[in-house]
Amino acid sequence: QEKTLRLLTWADYAPADVVAQFEKESGYKVELTLSNNEEMISKLRATGGAGFDLAQPSQDRITGPQQEFGIYKSMDLSKLKAELFIPSMLEATKKNTTLGGKVYGLPHIWGTDGLVVNTSLTKMADYPDLCRGDVKGKTAVRLKRPTLLAFAFASGKDPFALYSNPKAYGALMDDVGKTMIACKGNLKFFWDNKDQLLNGMRTGEIVGAMMWDTGGWKLNGEKAEIQFIAPKSGALGWIDTFAIPAKGKNDAAAYAWINFNLRPEIAARVAKSAGNFTASQGADQLMDAKLKAQFAASFPEAALKNVKWYPAVPAGIEEIEGRVLDRIKAAN
Amino acid sequence: MPTESTRSAMPYARLMLMLLLAPALLWLLGLIVLPHVELGILSLRARVAPRVYEASLAQYRTFIEEPLYWHTFVRTALMSILATAVTLVMAFPIAWTIAKLARGRNKSMLFVLCLIPFWVSETVRTLGWMILLRESGVLPQLLVWLGLSPAPIEMLYHDATILVGLVYTSMLFMVIPLISALESLDDSLIEAAYDLGGNGWSILRQIVIPHAAPGIVAGCIVVFMLTLGNYLTPTLLGGKNSQWFTEQIYTQFITRFNWEQGAAFGFLLLGLSTAIVWAGLRLSGQKFGEVMQRS
Amino acid sequence: MSSDVSAAPTASGAAQPDLQATHVTKHYGAFHAVDDLSLEVARGSFFSILGPSGCGKTTLLRMIAGFLSPDSGAIQIGGQAMNGVPPNRRPVNMVFQHLALFPMMNVGDNVGYGLARRGVAKDEIKRRVGDMLERVSLPGAQDKRVDQLSGGQKQRVAIARSLVLEPTLLLLDEPLGALDLKLREHMKIELKQLQAAFGTTFVYITHDQSEALVLSDHVAVMNHGRFEQVGTPQQLYYEPQTPFVAGFVGANNRIAGRASDVNGNLVTVTSADGMVVPARAMGQVQLGDAVEAFVRPEVARLARQSVTLADAGLPFFSARVASLLFDGANSAVLLHEENSHTEFRIALPQTGQFADLAVGERVHFGFDPQRAVCFAPSQAERSA
Amino acid sequence: MSSDVSAAPTASGAAQPDLQATHVTKHYGAFHAVDDLSLEVARGSFFSILGPSGCGKTTLLRMIAGFLSPDSGAIQIGGQAMNGVPPNRRPVNMVFQHLALFPMMNVGDNVGYGLARRGVAKDEIKRRVGDMLERVSLPGAQDKRVDQLSGGQKQRVAIARSLVLEPTLLLLDEPLGALDLKLREHMKIELKQLQAAFGTTFVYITHDQSEALVLSDHVAVMNHGRFEQVGTPQQLYYEPQTPFVAGFVGANNRIAGRASDVNGNLVTVTSADGMVVPARAMGQVQLGDAVEAFVRPEVARLARQSVTLADAGLPFFSARVASLLFDGANSAVLLHEENSHTEFRIALPQTGQFADLAVGERVHFGFDPQRAVCFAPSQAERSA
Amino acid sequence: MIASLPRPLWLRASTVVYGLLFFAFLFLPLVVVAVFAFNDAAYPAPPWRGFTLDWFLGGADTARRGLFADSAMLGSLWTSVVVACWVTVLSVLVGTANAFLIERTQFRGKQALSLLMLAPLVIPGVILGISILAFASRIANLADDLWALELNFLRPGLPLVVLGQFSYIVSIATLTITARLKRFDVTLEEAAYNLGASRAAVFTTITLPYLQPALIGAAAISFLMSFENFNTTLMLVGSDAPLTVMMYGRMREGATPVLNAVSLFLMVASALLALTLLRGKPSAQGPAAV
């Protein structure tokens, strides 16, 4: 039992060869469960933080659930090699994941949400372009909070600034909700799985969608005319973290995995598998040149500055968003 | 042995009773009654601060105040009733054919044919419908090929699609109680009615339906329950337009971690199903126990 | 057989027969359930069809009612050809073997069902149902549920339900089959009286010879899809035309053997075991033919002294008592004839005269050869 | 009643009775299903219990078999007290009302079941099952499935299954109830022969008086949980001790009225309708008592001329023929007595003497008053 | 109208036509699923691009990973089998006990209890799932808080999935077995007892053999129901997904023909299972069996 590491993570964050190498080096056996943010949290909630030794939620989704359900353990920073992290990213993440003076998450992989566009079929610059009449029935977004935030930014507001003011935030979300409802007819579907969207883009059923950068670059690799674009109102930046569930049984293995993953050569392999960049200091030197090129193409200097990084989500905010999302879903 | 000679061995009978009662009670209390009590308690509290809850009707209030939720609720109920009715109408002629017209080998063959699709899971059946109906699927292509439509139409993600899927999924559970109800109808009753001057319609109304009522009600209850509680078909076939109440429950539990709200929705759904089943039983004058024996 | 049956006029008077079937046939595959059969039933009479299980009775009745159509032949009811007329247009009604009362309706609605289908006004239905129930001795039973009725009452409701439509013809398919012994005895008499009171023509199916004999004006004995004999109960009983009829109607002692002597209409039958029985020939019997003789238990006379029988001029046999079957007025004795050890059943006189017989006792019996019957070979073969 | 019944020795010889029940009682709540009942059955005899449905026959039998334990009283089998002995330890076997053959086993396994439970070796079981099937005329039927058997064959398998265990006592609960008429007649005789061949004591339950009379050495007539009379079939038939027995055993004409004259053992009964019937008194009858007279249909004599009856010294009545019930040897006629219009059934002589009677004809009938019976008030009340 | 009554030609014709349409409706989706398992294309959609067995046999490292190399899919198939076996065993055992409880014992409240046994059939599966989830986590949390006891089987995972499915499948098993036991003629047991059998012998030689068809039927239904269950499972599943949940996930991703392949595999397997069951019971499976 003590010999296994039960890892709750995203698809592509633990490629088979990396796992094999870790198992060989450390002697731990890795059990993978693939998931996404919501499922990670709800699983840990249902198990009271048991069942897994290490999880990888996004940094903005740690303190809220932790406050509510107590599903994580605080990190013992002494067991980690801090020098392996890009310092600025480590600091930013720590700040966002600190509760009651304790740190609950450390950065691993980061990326952005933006637009994926089939440039041979249409041109797009910002999120509202997805609702243009000429692409009716050929666009898609996720029915999740990033979409709301993106459209909020696109409308010229700063939703993150309103996190502390639920009322104003609610009003803003109501507006965004109306925009989305009006846009709904334009959407082919709400995607909730990246392969579903990728397939749509490949076949040309979808010409533009809100998506995270990885997917865009992946498609770009297949078809050059499909590109990931940082929208005018700003891409949304996210960081996926390492967090240790409250009833994890094998913290030693968890720390071993974290340290292992932050080794630049490993981080580079993971980054390649995920198609994103990592918080590992020095990994980007080892990164795939093509990916770097794609990144550079998608993020000119201004765009990189304009990235909106998710701050921690206070409790109660998701409820407001949830209701708006439901309304969008229900609208006809 | 239920003979009275066991009276001399009363302790034996008591022991037996206890042994038989234990698993039933464990099951019913541990997996049915207490979980629902827990659900009820959950639904009656509200979060006031992190990890601080208080008794409240807030969850139910949300349901009432947010039109979305009760719209979905009503819609789910109406669609389920509609699906049940369509299933009944579609199943009846087939059940009649199998029970009353087919004979011998034909009869068992038709019956088995009805069963076969239900040996595979709902996922598979839904997959079939998706392949058939999606924009790049079989039927739209066929329509284009036949020249009936200029371009492939998206047949998924409509209410009608959901209805087709629900009816399909429920068909067996209607056909079987109907067949057994109709089979138990003595042919000579129909002959007698006919002999006395009845015609098809009056026999159907006065003899067949009253006789088959328990079977009809049994089928309708089961189908209604399955439809109302379905998750897979509405979400997969309904796509962005599906609004099924079970989906709301799932969302609250899994994507919103809001168990309190989810529990309240669960209770509302349970209340709805109980009410409609009860009304169905009342209207048709049937008893629950008897009806369920037949399904 | 059937050809001369159809020729024999069953109708008693000159009145047009209510039911007439000519050369009706029904196959199931290669199996002839009803085989080129003709019959006539006179208006107002009680006609029974008697035969063993599976002989085709129900098939015939269902053709008359219209639930089956004959493969060939014609059926006329009240003078009208019925080919192609559906059951609900025929002036016949049927009482089903298991009655087929509608369990979802009360008694009144059952009886009124046919009238309602004819569009008779509600009040009128109510009145006529009330009348009819009174006539079948169930006044005021309208509101009872069917399952509250006893077997005999159900019977009467089923008949009332048909009779209220005043059919030309009422068909009854073993309506007493499901009742118990005492009730059946009772309903037998009641049914006879009902028919007499209504005057409707009844065609009645049964496999119980006692029912057929007691109830009917005419009885047709059916076997393998054909009529073996049609006649009054007395004709069937006393003058059976075929060995099948002789064996099926009433208990009978059967002796199979060869005709060892033929003298006018008297044949002497010698069985393989050596019993020698004289009997009246039905049809042509040649010397040496394989024949069957039938002697009714009540025809034979029992005596302690052979002299008694000799004096009466009867041929007689000696025998030992094998078994005493005391049954009050229906008591009988099983004898073993002394030479051949053939088992022979004799009814004991109702006077209780031989009540003191003992098993093993030696007795004598004899009978009038004119009251025993003997059948010619072709017919004997037929029944085998 | 029951007290003197228990005193009457049922056993014929001096041999110890195989079955003895003393003052056995069984209540269901306040209802006495079996009421202080005693009986003795002699070794090797055929004892029947005859009574209407619900009189407690099955309850009594199940107490003997051990499925029910009596509320009071004792049961001895083969001289051994049976209190507290479970059914599988009693030396009795039972043939159930619906036979209860095991449908999941073939015939051989059914018959061998009890032997197998006793741990008899397989070969031995096989041999004994084979022997037993031969004895019940089903040789080689071992491998048949139960549902391939006819009713009569099932019957024999059920009996074989019990007899193969060589029980002291075989209990049979209406074993012929489910069979049809002809088969029942046949099995009746077969059962009697089987019992004679095996010599096992049979206790036989039935509600069919003909079965009880034909089969049994002794019959107990049961009513409301008690024995009304125990005796030989002849005693029950000719000397009924209670009106219930007189009415239940054999068909009977019943005339209820008052004793208008008492002369020695002869009572004159005058009915409310005015029919005046002389009959022999059973028990004490006082002038003016409410009484019931019973006259058997075969006891009355029919005549066209009243003189015939007067000459024979019989009191006689005039009547009109209401209905002719032709049934071969069992033919009867229903008469309406002229003064009182009382319905009266008379058996027609087996000689066919009155075959030419017509409905409506005027006839006369009379009977020997000594062969009619009349019951005293207390008993008349009892049966009401 | 029934066969013995005259039916006009149009009625006969429309009966046949309707029957054909109905069965087309029933079978079309299945046929499509089966056919596209062999389509030589990356998506189960027309046009037909030729026949291939890639979706069954394709190797793990090729672009078309076939069913037999898809370890996740095979693993979930195995998970489903394991869960179904547990559910079957539990349901048949408890169902049998329940049948005897209903048919053979008398106690106060029996009527209510037997009605309650039917209740799970009218509770939507999702609600069964969430209520059991909520209750189980309450107990587990309690045990944890009070005694620091980690009751893993009460956390989402296969044991809980088994319990969740069992909670309503046992109702069906109970109904099936009770129906047969109700038709059982108790005099058969009495006869056996009367022939000298002990109580245990009566049970094993008479009662059990009689119940056997119902037990087999209940087992088959339980297995099938468990295998097909989605709603309850979805709420209780932990990290090992049974097949339905796994397929659902994949379908949302945009199905690949591997799904068709596994579906076809299931169809064949269940057809074989059903055939063996039907053969064992020549009198064609009556409606009572479902």
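Letters A, B, C, D and E mark the chains in the order given here, with residues in each chain numbered from 1 onward.
Everything that follows uses one rule, which is that contacts are C-beta pairs under 8 Å (C-beta built on N, C-alpha and C of every residue); 3 or more make two chains touch, one makes a residue touch a chain.
All values derive from a computational prediction rather than experimental measurement.
The minimal number of chain-to-chain contact steps leading from chain B to chain E is 1. Using CA-based centroids throughout, the chain positioned farthest away from chain C is A.
Between A-E and C-E, more contacting C-beta pairs join the chains of A-E. Between the Cα centres of chain A and chain C there is a gap of 93 Å. Per-chain CA centroids place chain A at a distance of 39 Å from chain B. Centres computed as Cα averages put chain C at a distance of 28 Å from chain D.
Chain centres here are Cα means. That of chain D falls 57 Å from that of chain E.
For chain B, the set of residues that touch two or more other chains comprises 3, 136, 191, 194, 253.
Annotation for chain D: residues 66-67, 86-87 touch two or more other chains. In the complex of the two chains, the chain C residues touching chain E come out as 62, 67-68, 86-87. Note for the complex: chain E touches chain C at residues 4-6.
If you check the complex, the residues on chain D that touch chain C are 181, 185, 189, 192-193, 208, 210, 213-214, 233-234, 237-238, 249-251, 296-298, 323, 325-330, 334, 347, 349-350, 352, 355. Within the complex, the chain E residues that touch chain B are 1-5, 15, 18-19, 22-23, 25-33, 36, 43-47, 93-94, 97-98, 100-101, 104-105, 107, 113-128, 130-136, 138, 163-164, 166-167, 170, 175, 179, 186, 189-190, 193, 199, 202, 224, 227-228, 230-231, 234-235, 243-244, 247-248, 251-252, 255, 259-260, 263, 266-267, 270-271, 273-274, 278, 284-288, 290. Listed in rising order, the residues of chain A touching chain E in the complex are 6, 8, 31, 33, 43, 46-48, 50-51, 192-196, 198-200, 247.
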